[in-house]
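See structure below.
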Amino acid sequence: MKIRTMRLLSREGVSNVVKNKLMSLASIGTVVIALLLLGLVLLVAINVKSNMDQMRKELEVLVFLNIDINDLDREAIKAYIREREAAGEVASWKYESKEDAYRNLQASFSDPALLKGMTSDQMAESFSIRLANPEDGAHFIEPLSQMPGIQPEPDGINYPQQTLERITGFADILNTVTLALMGIMLVISVFIISNTIRLTVFARRKEIEIMRHVGALDSFIRMPFFVEGIVIGILSAAAAFLLTWRGYGWTHDTLNLMLADLGFGMFILVPFEPVGMRIVLLYFIIGMAIGGIGSLISVRKHLNV
Amino acid sequence: MKIRTMRLLSREGVSNVVKNKLMSLASIGTVVIALLLLGLVLLVAINVKSNMDQMRKELEVLVFLNIDINDLDREAIKAYIREREAAGEVASWKYESKEDAYRNLQASFSDPALLKGMTSDQMAESFSIRLANPEDGAHFIEPLSQMPGIQPEPDGINYPQQTLERITGFADILNTVTLALMGIMLVISVFIISNTIRLTVFARRKEIEIMRHVGALDSFIRMPFFVEGIVIGILSAAAAFLLTWRGYGWTHDTLNLMLADLGFGMFILVPFEPVGMRIVLLYFIIGMAIGGIGSLISVRKHLNV
Amino acid sequence: MIRFIDVTKVYANGVVGLAGANLHVGKGEFAFIVGESGSGKSTLLKLITREETPNTGEVQVNGYNVHAMGRWEVPLLRRSLGMVFQDFRLLPNRTAYENVAFAMQMVESLPREIRRQVPLALGLVGLGKKARSYPSQLSGGEQQRVVLARALVNNPAVLIADEPTGNLDPKTSWEIMNLLDEVNQRGTTVLVATHEKNIVDAMKKRVISLERGTIISDAEKGRYEHED
Amino acid sequence: MIRFIDVTKVYANGVVGLAGANLHVGKGEFAFIVGESGSGKSTLLKLITREETPNTGEVQVNGYNVHAMGRWEVPLLRRSLGMVFQDFRLLPNRTAYENVAFAMQMVESLPREIRRQVPLALGLVGLGKKARSYPSQLSGGEQQRVVLARALVNNPAVLIADEPTGNLDPKTSWEIMNLLDEVNQRGTTVLVATHEKNIVDAMKKRVISLERGTIISDAEKGRYEHED
């Protein structure tokens, strides 16, 4: 195909988008919807994941020391934690003395009378440790549990293994569900779009017939439809992105306010910017792929007749 | 229009569904997707609402009595609660004696040593009351707070007003979001479907022209398209229902298991049966309306040419 | 029956289709409309069937002003007209039989009537054997004849035919023209636009000649080429 | 140039389009194909352009077996053929000029060439003034002539015309036939299916007569009605 023919046919494809307004709008509309569905699933997943990561990061290993622990044992434990911190396994840690513990207990009871007869001597000292990687809990706890001065099981070392497992399990489910939903949405999108394109090609089958009639090569016939598909893909991606950007911005602002109002301040929607680029890319790639490939497939059916 | 013409044209419409396989499948596919989107929103909303209602129902008014309360005052309070129960305002209530309270406190501490020096005498008796309508809390508490024998503010009467407000607020948001989403989905559905129908009518504009050519009344021309639309609506509704039923059944079983596994046993998906009927109705009504009205509108455009 | 009063049709792009035409075709008449390609024959016929509307002047069919009709009256007008046009216009997904029957179904004839009339009409145009063929399975001339059968099947008051023999060999053309003559004998007003010089000359009917949108002659027992 | 060897075409529904046809049309020849409606004229032409394929026998164009060609070779075959068919087949959303230019663009002619040739071709068929009209704005005969201009514009080796004057008045028909003769004089092989008895008889060219799918006569300087 000569450059000039290519240019001619491409221009043809672009102008077809304008000429067949009805069909172009139909196609763009469906591609936009398909992309929005994809984007919706993606954004929900990203947000849930980000919130869950935050929750995981806040999990702590609690180590309760014997009430009558000696300084040597305490320092050994401290040294162990410091060593692991140096190795990068511990993100941060905190020591709670007997006095701290008593004050906290006091604060948690509304009626101080209830603590009558209790003294700080009866409280246990403790370390609370945030791990860099919560999954490595066992690896960190194993040597610790052998050390002297720590309360016996089951109270000595408290690691919310169960909570972690819940979160991890939930994240796994979420990943699967997201992938499945994305898959379904993609299938639906391709279905809607191939329908639309098939119909537009069907409505223009006479045109294809006439092109063959005057001796147009198959590649000549495909070219305008292909360009048309790509253009529609690009326009759809742009529209979908605009809608997503605006829509998410609005949802982000409103929902974060509402969540804060209702006291769920720990849950927040992530801002759009960091994920925006990914979504732009996704939209344009999928939009153009769907448009281009969709039209090629649809035209082929009519070329074989 | 004579009965026989009506029958003829209706049969025409039905057989067109079969003849124009490509277009019928395209239309059915899009209507099914539209209905599924609606169904999805509806089912999510129903489930969240049902879980939140459950949570609301479990809210309790806690009334702590003075440690040195006399029998008269206690009986007066009990009488008040009974009276309100008779009036249908109280769903159920429970009395917790000093001994019960002590035992519960004991059970909540892993180390009984921590309760050394405390006796059941130091505990407060309490009533826990579930209201029939949690929103009426203030109305129920008002007279109660005037009665003697109840601990002074802020500990005396504990009603999780804040939790209730959170739940109610969340339910309000949910209602709005659901309505908005349903609206958007409906608009999207109508958009996708009217696109598809417009394209199918466009592809058959020659046919309409010929019908007009031989003197067919506009109503004659509309009839087959209308029937075609209705048939497509019905088929789509049936398909969408089947998919929803199966899909929800599967999700229900799997997700409830997972939630239980992860210890979120208090959250459960409602079974399909009670909402199923509503969804069938919704699908069929919307499917037929969209199909029928959609085709009438699309045909009209071509009748005016 | 059909009356044109100072009718002018200028198309949107400025081309003059018909210019100040005055014409009267009485009930039961037979008239040929002749003229070069692009002279306005089809335009004239389309004004009668209301596929086009005039810019000025009035077209009357049966005393009614066609232009002033409501949208809903157009089908009723068309039902009184049998029409054959240059672009054949058959429903592609119906057989020849079904295409003809369709015209009867649209005027709500009895099924019994339909079963009787349709084969008759197809037989008249020589296509009794092609009843079950789809348009795509018919030759150009055969398609044209199916259209003619469809136009005739309802015994219309007026038959409007635009080059009904354009794709037919001379022998078949003669048969068709004789058929139209016969239909005319039975009382139908017939208007035929045609290029068949031989037939026009031989049939000695009324001939209306057009040239660039103007009626330049209108002669009883006329000939294809008018004598000034 | 074109050769039919024992070619039989039976359509899917059992109708015989062509039966055991043998034919040779040499380079630079001019031949009319005549016969009643449904006799197989269009079938014969469609076998050359490969719109239909034969059941038995072989159709050769320029020595190549048309039936045995690969899909991708068909466009190349068509480019060497100029084709005019009964159903006009113009692109509805392009003007007359653009429709003709399109055929040149498809064979990748230079824009300069296109700007020169297209008006020439439209002028040849008498439509110089209608270049900017869309098909729907043209009369039946005008559309047919645009198709003819499109078929001629690439100077094809063979011109296949199926009733190119079906919608034309006698005068214009003569002009077109003379044009085809002229094209033939310049070396193009011309095959015309037609019903124009007067013209066929007057032009004294080769005439191939068909009857129910069979070639019943093939005469140099023949007449429309063959003499047995």
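Letters A, B, C and D mark the chains in the order given here, with residues in each chain numbered from 1 onward.
Note that a contact is a pair of C-beta atoms (placed from the backbone, for glycine too) under 8 Å apart; a residue touches a chain by one contact, two chains touch by 3 or more.
Everything numeric here is computed off the predicted structure, so don't read it as measured data.
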**Study point:** Shortest chain-hopping distance from chain B out to chain D
**Key:** 2
Practice item. Using the contact definition stated above, find the chains touching both chain A and chain C. Key: B, D
Point to revise | Most distant chain from chain C by Cα centroid | key: A
Study note, to complete from the structure: dist(centroid_CA(chain A), centroid_CA(chain D)) in Å evaluates to 64
Point to revise | Whole-Å gap separating chain A and chain B, where each centre is the average of the chain's CA atoms | key: 26
Practice item. Give me the residues of chain A that touch two or more other chains. Key: none
Exercise for review: Select the category (line, ring, star, complete, other) that matches the graph of chains linked by touching.
Suggested key: ring
**Study point:** Chains grouped in pairs wherever the two touch, ordered by label
**Key:** A-B, A-D, B-C, C-D
Study note, to complete from the structure: In the complex, chain A touches chain B at residues 22-23, 25-26, 29-30, 33, 110-111, 113-114, 116-118, 122, 154-155, 162, 165-166, 169-170, 173, 188, 191-192, 195-196, 198-200, 202-203, 258, 261-264
Exercise for review: Note which residues of chain D are touching chain A in the complex, please.
Suggested key: 71-72, 74-79, 81, 83, 85, 89-93, 102-103, 105-108, 111, 150
Check your understanding: What residues of chain D sit close enough to touch chain C in their complex?
Key -> 11, 13, 15, 34-39, 41-42, 86-87, 133, 137-142, 145, 162-163, 166-173, 195, 197-198, 224
Review point. What residues of chain A sit close enough to touch chain D in their complex?
Key: 1-2, 4-5, 8, 19, 206-207, 209-218, 220
